[in-house]
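In what comes next, chain A is part of two complexes: it sits with chain B in the first one and with chain C in the second one.
The block that comes next holds the complex of A and B.
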């Protein structure tokens, strides 16, 4: 078979089968078309305005690296007039984060962007390694997710940046749509499909860290094309998944998305479209405030649930625990029809057991009155206030992060002795950590 | 493992009647043969509260349509409804409704529909039976002009007979997913039309929980998230016809167990097109999105049956947008398209900057999902 020419320029040999629509393109045309589509997304959604300072949530992974590269290119090509900087969060996971941060540091040099690295250690006094040592692998993603959400906002506000962009791609969004259908979490489905999300500002205070805008310029870009782009542009990125978090629901949804893509390449985009349309049908939905999340894009997160998964998830056991919870609810509704059932634990997933039609037992839980009255806890944005402890936007008196921290700190031995030798990080804190770790280990 | 059909629960007594030995474990409850049958019946009949015997005049009895595919679910539904009506009659001398059964012959004629239908009639002689070829959809639907516009007729040939046009339409579809999707859509339209013509007020579909969950995710994957509220809910649909899913609380595996445990006569009526189809290799070009979801939920229901039902419940919580009643409808699936956003262009994920958006959409107006199935090129050619 003779080599086919590029479908766009008709001159060069086609070397790339475009994952999105299976068109045959040459390398140059692919790169142009990929960049142009991101530009289109940016313009069509009016993501940026001239002079805006944008922090790119950079993890060193393919998505955020491509995002940084494309934004730099487009900013120059179309003269957006943006001030682009990199913001990385160091969760403190040895063997995962410290390596990828090296990548981010190189990226900062390569793209000539200012880089800020903000650690959980610095923000919360706990690295993820320490959290895991304390709470075990089960449920640690909850901590990581809650901490990370605030971390990006705090980092942004520290840098006086009002807008953080993250590398979430179309696959991530599609995955989240299916995952939230499987988990029965419509409010989150609704929030995570929007391209711009922002924490509503609770005060006019400009130094507040709560009204940071988030957007995902790669929302419609296929993961496979991101990889191709990174490959053909010889981008320097780091590819390892977080060592702590295999997530059952997301894993299941991810596998499904990959299979769908194989059967019909447009399916990823079609799921995203479905998600956008469904978001409009979610009762009580309004402007979202979470980001879509993915375990492979640590630079952003869900509102509460770790890397996008339900709270209390553990490796593989998540589906089982949701199943158990749902079954309890079902059993309850079977055995005492028409009575009120209080959900155990009040956790985010598996709580929607209000029947959707009148034919079923009108099972009602706190806040759920059948179809119309279905108002999940998380949608209670009207009561947004501030955390009494840290001032972060929260619907509770004390925000989630502070609650988690309190639990962690309670168990941490008081430790005032400081030894005067250096570990590898140049801070005294890290020594404190070492000590804490040993004492925790001794527990 | 709870909820499995392993008869491993031997020697354990039935949790309900406490008398008999259990034969299988249903959602962590060991049940005996009779209690399991009652379990399935109750789940189904509970859904039919609105169809109780009413003592209206005999000639005002309500008619319902039961589409029969000869699969496990619709056959079981017919069996249970037949029992139900017999019970009603023995108790009150009347029945709450009259059943019309319709079976649609698929164009490939992979099933001996007429023979199967005849056999079914012999077993359940009290009901009305009919079978129609799928291409009747072009004959029966009054505004068939828009259906006939889906793809242009081949050059040189005009006024194709309905059967020929259907064959031509299916031939022009480029993927297995598209063919399955269009066939299913046309089948639904034909069934609705038949229900209307026979004065039926409702269609009782056989879909199990598992099937409804499959449908939820499959339609999402096909870009029909906008019409999900009508895909799985009981009640009035945009067709102006009531849809009910009496088996919505029964899992597919429970229906299979029900059939397996029933007397041979019932099992012999079941013709699952090909039980191995869902195991088809993933590399196959013939895999459809529906197959994929079927496979997926068959595995999920094995260990996580409540997650399957939760998907269906979740989809049921989506609310129909208030404005949609006045909206324009898709020419193929007939679902209201909010704001008349036909086609696959003109949204965030469409990166082709308004290239010929108008002209490319052609004359018939298709929703996003149907536009994905009907090939653009041939419609464009027709658009002029």
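The block that comes next holds the complex of A and C.
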């Protein structure tokens, strides 16, 4: 095959075949186009405002490394006026996270960004190594995922940052859309397709650690292009699978996504867009109200399953919430979804409905006014309160992290005979005592 | 096409794929110039060759699936996406640099 020239500059040899539109680009043009598209995503969704301090959730992996690099570039090129810092969570996994954190430290120097590392041990009294020693390898991703989401918020709060960006890419979102479809989890489908999720701005305590905005600037970026961008820009990233979820992609929704991409590369963005469209039909969702009520869509701590790369596998804790979700889904389909579908034909697109909540009565998809006895809000699990133990935003009396911690701490004494645990037992027991006190106080 | 000479090439693994290849990122190889049927060596043959002769890890399915490179692994032939070069039908040339990059590993 003769080398093809770049479709843009017509000069250089094309090295990249873009999955979204099959265009052939040279290295330089690809890098520019990739950055420009993320700039458009940022502008079109008004992700940032001038002077905002942004924490980049940095793992040292390809996605967050590319995110940090691109945001630094765009911040300078388009003068966003952002104060960018790196926030890393140390799960306490020897031979994995300690190595990847070295990468983040190098990135901090390379990009001239301040870096904060916050450990599970410091936050929860447990490293993931200890959690796995306790619960085994099965289901440990649930702990890790629940802990990490809170940890990012808590870290941001310590740094007095109101906005955390994460490196979730189009493949991640497409995978989540498929997973939530397969689970029939409509509320979560709606939440995870949003580019911005934010905790209620009307939070009782404005300095509370739950009032943190989250966004995913790489939401429309293909994983393939992220890897190519990192490769062609010689970015320094870490790429070893977590030792506790090896080969997480096997037989998962992730594998399905990758197979779809092989057959038809545009499928990934198609799934993302379909997910967004379906989200509009979910009662009480961000999308459902045409984005008007976006500031009130809480990013609950239970946003996603396990860890980003391990979502495809079922994680142990999932079943706990299934029943509640089923109830919500029933409510959703009864009160809204079906109505929406049947009336949509006569009334045009769902987006328009969102704007006219005074229109056809059944179209309470808009969610806010809720003319019927039950508001769609009720169908959604987003009735947010505070965890009685730690004060973290939660739809339950006690947040997921505290429930998991309680389980861990209860089981811990059984192991206290083991020499290896002696040292830690001191701190763990004191935490346990504290938890006990709190729970008594709360009751 | 009749010669039995080997084709000298470099092969590189990254993005976590090196784990399957004894944690060695770069290999200088001499690839037989013809495949099993006597046709000029192409990337499909290279992949089989790597699997049989270079890869010591038994988890072949993490590299090859259904007879070709597993979806999610990018192949760059002299820095260019292999889809621009005819994918696994590309005939390997002397001095080629062929890179396999996994996109499947998280961070």
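Brief remarks follow.
By definition in this document, the second predicted complex is superposed on the first by the 304 of 443 C-alpha atoms of A that agree within 3 Å, B and C clash if a C-alpha of one lies under 4 Å from a C-alpha of the other, contacts with A are read in each partner's own complex, and residues count from 1 in each chain.
Note that a residue touches a chain if its C-beta (ideal position, glycine included) is under 8 Å from a C-beta of that chain, and two chains touch if they have at least 3 such contacts.
Here the structure is a predicted model, which is why all the values come from computation and not from measurement.
In the superposed model, A:238 lies in contact with chain C only, and not with chain B. By the document's definition of touching, of the two partners only chain C reaches A:59; chain B does not. Look at A:271: by the touch rule set out above, it reaches chain B but stays clear of chain C. Touching more residues of chain A than its counterpart among chain B and chain C is B. When the shared chain is aligned, no partner comes close enough to touch A:72: not chain B, not chain C.
Legend: residue contacts after superposition of the two complexes on their common chain; A:15 is shown touching chain C, with no touch to chain B. In the superposition on chain A, contact is made by A:262 with both chain B and chain C. Contacts of A:227 after superposition on the shared chain: chain C is touched, whereas chain B is not. Contact with chain B, but none with chain C, is seen for A:181 once the two complexes are overlaid on the shared chain. When the two complexes are overlaid on their common chain A, residue A:214 makes contact with neither chain B nor chain C. Residues 259, 262 of chain A touch chain B in one complex and chain C in the other. Chain B contributes residues 2, 27-28, 46-47, 49-50, 175, 177, 216-217, 219-226, 228-229, 233-235, 249, 282, 287-289, 292, 296, 300, 303-307, 309-311, 313-321, 338, 347-349, 351, 353, 368-369, 372 to its touches with chain A in the complex.
Interface of chain A with chain C (complex): residues 1, 3-4, 13-17, 24, 27, 59-65, 100, 167, 171, 223-224, 226-228, 231-232, 237-242, 247-250, 254-255, 258-259, 261-262, 307-310.
Of all residues in chain A, only 36-37, 40-41, 44-45, 170, 177-178, 181-186, 195, 219-220, 252, 256, 259-260, 262-264, 266-267, 269-278, 280-283, 319-320, 322-323, 326-327, 330, 350, 352-357, 359-360, 371-372, 374 touch chain B in the complex they form.
Interface residues of chain C, counted against chain A in their complex, comprise 14-16, 19, 59, 62, 70-72, 74, 76, 79-81, 83-86, 90, 101-107.
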